[in-house]
Structures are given as C-alpha cells and as structure tokens.
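Okay, so subunit A shows up in both of these, paired with subunit B first and subunit C after.
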Partner chain A sequence: MAALVVLLFALAATGGLYAALAPAEKAKADSSSQSLAIEEGKKLYAVGCSSCHGTGGEGSSDGPPLTGVGAAAVDFQVGTGRMPAQQPGAQVPKKKNIYSQAEIDQLAAYISTFGPGPSVPSEKSYDSKGANLANGGELFRTNCAQCHNFNGQGGALTDGKYAPSLEGSSAKHIYEAMLTGPQNMPVFPDTLLPEDDKRDITAFVRNATASDSPNPGGLSLGRLGPVTEGLFGWIFGLGALIALACWIAARNAKARS
Partner chain B sequence: MSTTDNAKPVRKDPAALKAADWADGRLGIYGLAKANLRKIFPDHWSFMLGEIAMFSFIIVILTGVYLTLFFNPSMGEVVYDGEYVPLQGVHMSEAYKSTLDISFEVRGGLLIRQIHHWGAIVFVAALVVHMMRVFFTGAFRKPREINWLVGWTLLFLAMFEGFLGYSLPDDLLSGTGVRFMEGAILSTPLIGTYLSFFLYGGEFPGTDIIPRFYSIHILLLPGIMVGLFVVHLFLVIYHKHTQYPGPGRTNSNVVGQPFMPVYMAKAGGFMFIVFGVISIMAAIATVNPIWAYGPYRPDHVSTDAQPDWYMGFAEGLIRVMPGWEINAWGHTLALGVFIPAMVFPLVLLAIGVYPFIESWITGDKREHHLLDRPRNVPVRTGLGAAWISLYILLLIGGGNDLFATHFHLSINAITWFIRIGIFVVPVLVFMATKRICLGLQRRDRDKVLHGRETGVIKRLPHGEFIEVHEPLSQDRLYVLTQHEQPKPFKVEGAVDENGVARKVKLTDKLRARLSRGYFGEGGQIPKPTAEEHAEITSGHH
Partner chain C sequence: MSSDDIKGGNLPDRPTGHSGEVEETGTPSFPDPGLPPHQPRRQDIDEDAAARSERAIAFMFTLSMLATIGFIASFVVIDRTTIVHIWPFGHVNALNFALGLTLGVALFTIGAGAVHWARTLMSGHEIPQERHPIAASPELRQQVLADFAEGAKDSVLGRRKLIRNTMFGALALVPLSGVVLLRDLGPLPEDKLRHTLWGKGKQLINQNTGLPIKPSDVTVGSLVFAVPEGLEEEDHDFLEQIAKAALMIVRLNPDDIKDKRERDWGYEGIVAFSKICTHVGCPISLYESQTHHVLCPCHQSTFDLADGARVIFGPAGHPLPQLRISVNEEGNLQALGDFDEPVGPSFWERG
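Showing the complex of A and B:
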C-alpha cells in the first residue's frame, strides 16, 4: 500500500514537473504563435489528412497533392465538413464539421507551408454591405447558374457528380469556393473575377437562398423549374379535380335512391 | 304568344316570358332549346375529365385577356427601375419588364398570371387524361373518329400554345426554350438556316420573335382552338354521348339525366369548382418565378432548364439522343437534334391515327355508342399502356438531372436506362397489361359462373370448410357478359375449291395476322354462355 502511494506521488510529481517545464522549453525554442499553429496543424494533419494526401502533402492515389492549395481551400474543405472525406466516391459530400475554427486555422497554417496559395479572405471582402445585388445576379447567371441553377439550388454533373445546393452556405465559404474551385468547380481567381464582383455574387447567393427570403408567388416548390411545377399541377391540380369529379358524379339521383 | 287585340282583361305575362318571346321571334331559340335542353347525358366521373379541360380553357382565356392589358410584347431594351430590388439597374427587354410589373405592381397581377399558368398546366393535363379515357373505352370508334381527330388537334395546338405562352416573358428560362426551338429548326437538312432566319427575322434572337409569338399566342392559336372546341362540343351533342354498358343501356338509347336542369346545375357547379381549385393553386404555389430566372441573354443559361411538362417528352427525346452528326461537303447534319425533332410529332401521331388502324384491323363499320370495358379489349388497352409508359420514360429523360440530384443517381446511368428503356419498357408494359386484362376477363368469367366470394367461411357437418359464394345480381351478370367477342378476320378464299392456294394481298395477310392478335386465341377469354351459366347454377347451390 505504501509503495503504491509513493508511486502515485512520484507519477504526479513527474507529470507536474513536465507540465510546468515542457511549454517553457518550447517557447524558448520558438516563440512565434505562427509556428505553434503550424506545429499543432501538423499533428492534426497527421491524424486526419495524411492517409490520403501523404505525410508531407505530396498526395497519393487516394488524394491530390496539397502544394499551393492555400489556406482558403483548407478553410473551405474542412469548414464545410467535406474534408476529411468519409469515403471515396464521385464527389465528397458536405457533412457536419467536427473541427473548431482554431483547429482549422492550425491545419491551414501547416498546409500553407507546402507552397503559397490563396489565403483566407478577410471579412470585409465578403461583407454584403454595399454589395450590388443586380451585378451579382448578372455575374451569377453568367458564371454559376449553368451548374448551380438560377437560384443556387444545385444541379447534376456527369457520372454522379453534382454542383451542390448553395442554401445555408456562409458568405465566407461561398467566397472561398470561388477563390479555390473545390472538387469539380472551376477556379475564379481575382484576375478573372475581381474581389468586388465576388462580393456581389456572394451577396446575391445569400439573398437568393436565405431561408427568410420572400416568396412573392407562394410556395417555392424548391425553385427547381418546371419539373416540380408539372408534378404539383398533376398531383394537386388535376388530382384534386378528378377527386371532385368523382364526388359530383357519385351524387346523382340513382346513387341516393 | 300574347295578344292585345281582344277585349278581355289580359293576364300580364312575366318579364322573362316577354324577353324570351322577343328573342324567339328574332333568333328562333325556342326550337333549338326544345331540341336540346332536354338532351340526355349519361353520368360518370370519367365523362367529366373533358369538362375539366373545357373549364380550365375558359379560365385561361379569361385571365389571358386581363394579362394582355398590361403585357408589352416588345424586345426593346430598358433598364429596370421597378419594385424588385435584386434586378434594379439590370438591362432587360420590355416584355420581361412588363411581366415583372404584372407580377409586382399591377393589382392582382401576380395572382392572375399564376392562375393563367396553372390553368394552362391543368388544361393540357386534363386533355391528356380525357384523351386516355376516350382511348381506353373505345369511344373513338364510328361515328366519332373525326371528333377524336378534332380533340387530338386541340391537344397538339394546346401544347404549342403553352410553349408560346411561357416563351413570352423573355426571362432566362423562356429564352432558353426559344433557343432550343431555334436549334431544332436549324437541324432541318438544307433549309434549316433559311427557316430560322425567316422565323426569327434574322439572326437569333433578334427583336421580332416575341411580337410574333405574341400574335400567334393571343390571336391565331386561341382562335383556331375556340373554333375546334365548338366543333368538338357540337359533335358530342350531334353524336350523343357514349355510355358505359349496363342493364337498359343499348347502342340506340342514352340513359342519364336531362341537360336542363340537372346537367346545367352540375356542370355549372363544376365550372366554379375548377375555377376555385386553379385559383387556390395560384394563391398558394409559385409557378414560373420569372423574377428569379432573370432576363434572357444569349450568353446566360441555368441548369434545371426544362419546358413545361407537356413539352417535357420532347426535351427527353433530345436529352437521351446520342449527339450524332454527319459532316460532309462543308455542311453538318445534326442527327442528334434532327432525329428527336422528327420523332417528337410521331409520338403524338401514333396515338392520333390509332382509331383508323383499329377499324381497318377489325373491319368494323358499325356505329358504337356503348363503351368498352378496357379489360375486354386487351390488345388496345396494352397498346395504350405501352404508349403511356413511353411517354413517362421520355418525361423522366427530360428531367434526368433532377432525378440524378434528388435520387443520388448518375445522370449518365439514367440516360442509358432511358435509351434502352424506350425500346424495351413499352414492350414489357404491353405484355403485362395484356396479361392483366386477360386475368381480369378470367375473373369476370369466374364471377359469372361461380358468384362473388363473400369471405364467409362455412363449416359443413362433416368438418369441411367452404367459402360461401353469392350469385351475382342480374344487373351485374349483364354487365360482365354483354360485350361482343369478335371472331378474327380470315382471308376469304385463300384456297380455291380445288384446294389450291390463291394469291392473297399482302395487306390482307397482315390484317388477318393483326386481327388474330386482337381476337384470336390468347387475345380474349371466351365469356361464359347462357347455357354454361344455366348448367352450373342449376346443379350447384
């Protein structure tokens, strides 16, 4: 019993000493918070990403190299839950994100060391205040609607790939997606689509897909075009009318006698 | 007739009678009314499908008139400065701007626009269902073949009338449809470009197409359609309405209720029901949110660019067709567009000419006023079901992208399924439907001979359990056995008196073969004869 108590004390003392001294040593070695983040990011990377993207971001048969993807790509992919991918497939779907923003920043800091790429945009670049909705709409219809649908509801691509719905996407993620071109999406760098235009598009998408955006015509039917309208017309329009026709026809003199 | 020349105190006629008398003296309506007001119409819910089409057509015309007051069919360019904020400052055509104004600024404009559009969707749907009812019950047989063609033409025109209508607002979706049409026209060999320039008044899109569509949409096609619609109704009255077989109903009478007052009340009430249902649809659900599509520009396109449902099978044909083309002598023959554009009318023509093919096969030149129960004509019912399956497959092909995203499928897999399916599925559906019809005929035969299964289980004294079968009523027996079972057509004199084969016309051979398919063995189940029924019922229960 005594031996056990001694052992416990000894363990507690060692642990306490280590806890007290170890960070101090680290700080002595390198004091900048950036390298700290890189260090933490490297650990997160080793656990969550390296099995597909390689231990140094060189890529493998299961995942592309991450050289030059930049912090914006990491912030988008991990922030929307797409990465780490749950399984290979035609396209990696959006899912619940389990990383905190601090962890994502650490991962981004580490992955940025592989090579320079677009950094996470500042808040003012995607702030909807003062954005031009009409310009955003025109640009969206020129560059985005052919895959994402006129109202950002998403659409099909070849072989099971798809352009996801933009409903519920944050302004930052919409902006980052244009900047980095995730998965099947083309890249829209600032040289092609200046920062102001990106902000207008972001504002347009947020406005069009907002859950509280007004629906002047009543139920939106998913804003998927005439297919859902036809379905509604047949089922609820003609369906109701045929049901009523049956009701009227059943009410004749003969049926009541 | 009231007279005033005699001295007796004259009873004052009611005003209505006076008015009727005045009108009769000038229009001769008394004779017309006497002949037609007591006209008998049979009662069945499926006879009201045409009424749905008729009343939705009326509501579409009425709302359309209202819309013409505010719509400006011009492709002149303006800058939007109206109520809808996300489009303020955008360049657009006056057609699109005036449609936005109808939606956001004209009192009741959006509701009327939505009634107009939902009404059109319901109208064409009702036309198709009405046509299917006529098809499956054989109501197209003599003397109604011409009326079948009138109705079929109405459907064809209604589809194009709808297409023209949703093309007018010049929004991004409608412009894509107009572009689609241009592509189909351009695919015409030799004269495609000339036709396109002729129709669009120059290079696409030009500034002429919307005003031209407008004239056709509000003047030409509705005029023709109203005319055909009157002919259609007149012929229904002239031929008298068909009726389902039943006791007391023969080929030479009509059992039902008089037009006045019963049908007047019923149809009048139903008219308001149709108006009401379409108005409720328009009040609760958006149709064609043109403000979300944005104005049309030839460099813009959106996914989910489908036509309204009635043009969906044309979209499907284009989407599933491989992009074949032939390049020769500096010209391109775009088979990937031209073939679907040619198959498109054939899909409709197939159903349109069916009555004539059937009457050629059956050789039946008699008048028919009693309807067929669909099970009693398995081949026709099978063909109708096969046609519907083809139509639905093409609709799925037209919406392949939405099926891909919403059912998590590959769009390529769907397209290949449809490509193979349009050849295979109708055949399978035909065979399955025919088997089901024959099965139902067997069931009818069984019911006639052995009665209805009551579900009551009786235990006999020696322990055996039997289900009690209840004989059918006389009325029911009549319904199940009244139908004719024609003999298949045989080529007369295929062999002469010495047993030597004669030369037989190829068409006769074909006809005999098809007729065997309709009425030969495996085409119908022999219905029970009176003797069979008497024999089995005398010995049994």
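Showing the complex of A and C:
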C-alpha cells in the first residue's frame, strides 16, 4: 500500500513538474529558434549580400543601406530572385529564386535586426476572398497604372529603367511591393493606402493578369493598346485585303490548247 | 519584234502645236495594237470543269446559308457570359466568338462565291469600251444657253427690281445664321487657365481614402495624389476642376532637395507638384523614388522633383508648378494659396 502511495505521489510530482516547466522550455525554444534564424541569416547574408550592402547592412557604392527596409523588402527582393543582383545596371531584373523560403526567412530575420521596418504581411492581408475587385481596379488606375499599364503589363521609364509586368506575380509579392517600394517604385504606406485597399489592388492585379482571366474580345496582342493593334491591323488586315484584291483581279487559268 | 522596231518609225512625230494641246490627226501615226487574242478558259471548253466550278460556287453559297443559321442558333443557344478557351485567342466570350465567326463566314462565302462565279463561269470575253469626248456637242451647248436666256427673260427679274433686290437681301442674310452659331465656340476662357481650386487654407485630401493627409502619413519615397478639400467626384464640374487641380505629393529627404524655393514651399521635405505636364497636359506621375524623376508617358518629358521640377529631358517648356503647403492647427497638410503660375501647357497669353 505504501509503495502504491509513493508511486502516486511520484507520478503526480512528475506531471506537476512537467506542467510547470514545459511552457517555459517551449518559450526558450522559440527565442532560441529566432536567434538561430538570425545566426543562419547572418551566414547567408555574409555570402550573398555583404559585398554590395556592407557587412553590417550599412550600404556601399554598389548597394543601398538596408537599415529599416524590413522583412517584407527582403522577402520580396529575394523571393522574386531580384536579389542577390546578377550585375549592376539601371534596374535589377526578376530572375529564378535560388533560396528556399526558410532561408529567405532567416535572411529577413537577420536584416530586420538592422532597424525596424515593415514585416512580411500575413496571409490574411492579401487573401483575395472578400476583396472588392472594382475598388481595387479603381485604385490601381489611380496609383499604379501610370507605370504598370492599365492591365499590369508594365512599361518603360527613364534611362533603361522600367516598370515590370505584373503577370505571374504572387499576391504576397504584389502586396510587399506596395508596402516597401522596391528599386524605383514609390512606397504606398498603410497610412496613405490602407491595408484593405492594398488587398483589393492585389486581388485586382491577380484577376487582371492571370493567364486564364477572361478576355472577351480575344487576341489581346499583349494588351499594350493602340500601337500593337494598329501594327496588326496594318500588316495583317491590309495584307489580307490586298491578297483578296489580287485574287479578284488575277488572270485566271487558261485552257491549254 | 527586234530592237530596231522599237527605235524605228513606230513612234509618233513630236507634236508641233502648242504644248499641252492634243493634235487633231485623222489617222493615228502608229497602229492600234488591239487586245491580245482571246484565250478560252478551261471551263469554256470542258463541261466537266464548268460543272466542278458550279458545284464549288454552290458549296460556298450553301456554306453561307449554314453559317447564317449557325449565327441565329448561336444567338439563341449560347449564354452570353460563357467564357471558353480557344487557341490562339485565349479565354474569349463564347457568344462573341461564335457570332463573329458565323457572320464572317456567311458574308465571306457569298463574296468568294460571287468572285469565283465571275472568274470561271461568266463570260470571259474581253469587252473594250471606247472613251468618248467629255464636252457636249455644240448643238446641245447652244440649246442649254438659249434655254437659260429664255428662262431669265421669263422670270421678269430685269423689270421687277423689288423682287430682285429682296431676293439678294435674303440670300445675303441666310449665311449669318451659320456665322452666329460660331458664338458657341466662346466665351473666351478669361483667367480660368490661371486659377485652380487650390487656395489658402484648403486641405490636401488623399484621393485613395478621401481623408486629409498628416505629414507623418507621408513617408520618404512614397507617392500620393491629392484633391482640394470640398471637391467631390460626384460634383458636376469634378473633371473640369481636377484637370487643373490634380496634385502629386512626394516626400524627399530635405537634404536631397537642391532648390531652395522648393524646400521652403514644402513641409519637412514633403513637396506638392501639379500632376499636369507642362507640354500638352498629360497626367504625369511616373515617379521614380530613387532618382526623384517624374516621366511623362506621352512625350517622355522628364522633370527632376529634387530640383524644383526642372525639365531635364523632353519637349516640356516649363517646370511643373509647385503648390505651397504647410500644416494647419489640426495637423493636416493644407495649401497656402493657389499655384503661382498657370498649370498645364503653355498658351499664347501665358507670359
């Protein structure tokens, strides 16, 4: 009997001790995983970024300082393959991303330690469910269309710079671009363009540029407007008319006698 | 034909009359070569070929009938919101596509059938149609002139001077009604081109949110468009007013601003410029946040917003007008007055 009581006590004590200590250990694990991410991120940074942005993110003649750019900027630049840059130039183009999302998160964690900046938006903030497409379209035409074209096809800027096409961009990256203003794009902070508006714009862009989005007229010719349409009309439309005119007036086959 | 023939006497003599006058000659100085000999087509001599042509034409006309029936059927059957994917057109509206295709086929095959009919089965003989002189015969001209003179005499215009004079008066006055309509081109703009809705104490309203803008809202590198307080999109003159009052607001590091007046007219690096290009008035807001350049999409005029919106490229003749701004008691951005020069393109009296 005594042995049983001791056993019960021992069990209760073990359970109680576990209950008391476990959350603390979990919290400890959390903060250590954060510092681990920063450690890992620092290593990745030293290899991939420091040659231009400086060993401490202070910037150099080849790259801007990263103080206060925030995790959202890192997630956008590395996630779309723009950073690390292939070569200096007017504009760093989008290319294949070679980092895993975990590595990007580690980099972002490290770069966030340089100074506070916008963090990566939560999935909820760019979820297209319940977004107002019409409002998004109106805001897009007010704020974005001047550079990115009315259908997000992009366009030219000065000295070799350009606004890229938004086709195939993920909702997260569209949202982050508005939040952080990559390269020469202006920033659209939440104070000037509230979160809901950004979500509407994101949903509109995704809707307008998706490869299966309806295009009632068909044959969009790049959706670039009257230039391509005119070229097509002059070459193929007039070409067909000339060919028909030639057929009508051509000498027809004569019988050989 | 040898080369001698070309050089030889087949060419007419140089005309001796006045230049430009057609020489009247009884006999042409070189023979009319006439039409090439008629060659029969295969359909003219081979009844089987003709029957084949007939069938081909009938086939095209039948296809046209079927296409018309298809057009009506598409209109009745296809839902107007259905989207289908058709290579290479993409995700098109099924009804649009079906109507266009069937109507196109219906019209084209009628035309193609008619052309094929004319080319293969209608008479293939070449038919010359001689030109005739444009002028009427002298007798006819005499007759017309005589008729006119008789009509003038019958109308007694020469004797009844009152009729003649009032008729001339009426004919002279009628065009005035056209002239007076030109009044609708006016009135002259007076000083409308020199003033916008901006004025002292007008708050800058964010076009996205419809709320006043606080300086802390505008971060460095951001871009936002503002309308004057009190102007609503529902207003009947909204477009007329916004065409002049459209404003873009950017924030630069005050140290980056090279132009002293620009720094003074802004608020802690927040500067407000007219959004209307000074070349031909396109809305201009292709803002590059790193270079502080604004590019006009119409003719590539480029303005440096860090240097008083100076024109650094393109056909624009003036810097973008800047609006003087400050902060009111509520902490919102406000205008300190109207633009001090006319916005938009130059005009004759701009000065």
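Basically, the second predicted complex is superposed on the first by the 220 of 257 C-alpha atoms of A that agree within 3 Å, B and C clash if a C-alpha of one lies under 4 Å from a C-alpha of the other, contacts with A are read in each partner's own complex, and residues count from 1 in each chain.
The rule is simple: a contact is a pair of C-beta atoms (placed from the backbone, for glycine too) under 8 Å apart; a residue touches a chain by one contact, two chains touch by 3 or more.
Note that the coordinates shown come from a computational prediction; the quantities given were computed from them, not determined experimentally.
In this overlay on subunit A, subunit B clashes with subunit C. Of the two partner chains placed by the overlay, only subunit C lies in contact with A:191; subunit B stays clear of it. After overlaying the two complexes on the shared chain, residue contacts for A:216 are found with subunit B and with subunit C alike.
When both complexes are overlaid on chain A, the residue A:85 reaches neither subunit B nor subunit C.
In the superposed model, A:147 lies in contact with both subunit B and subunit C. Judged by the touch definition given at the top, the superposed model places A:155 against both subunit B and subunit C. Touching more residues of subunit A than its counterpart among subunit B and subunit C is B.
Contacts of A:248 after superposition on the shared chain: both subunit B and subunit C are touched. Of the two partner chains placed by superposition, A:36 touches none, neither subunit B nor subunit C.
After superposing the two complexes on chain A, the stretch of subunit B that clashes with subunit C is 329-337, out of 41-49, 329-337 or 419-427. Shared interface residues of subunit A, touching subunit B in one complex and subunit C in the other, are 142, 146-147, 155, 157-159, 163, 215-220, 248, 252-254. Partner subunit A is touched in their complex by these residues of subunit B: 43-45, 47-49, 51-52, 85-90, 103-104, 110, 114, 118, 121-122, 125-126, 129, 172-173, 257, 266, 269-270, 273-274, 277-278, 281-289, 291-294, 297, 299-309, 312, 398-402, 404-405, 408-413. On the side of subunit A, the complex with subunit C involves touching residues 139, 142-143, 146-147, 155, 157-159, 161, 163, 181, 183-189, 191-194, 197, 212-220, 247-248, 252-255, 257. Subunit A meets subunit B in the complex at residues 90, 132-135, 137-138, 141-142, 145-151, 153-160, 162-163, 204, 207-208, 215-221, 223-234, 236-238, 240-242, 244-246, 248-250, 252-254. Listing the residues of subunit C that touch subunit A in their complex gives 39-42, 44-46, 83, 85-86, 88-93, 96-97, 115, 119-120, 124, 206-209, 213-214, 216-225, 250, 283-291, 293, 295, 297, 300, 302, 313.
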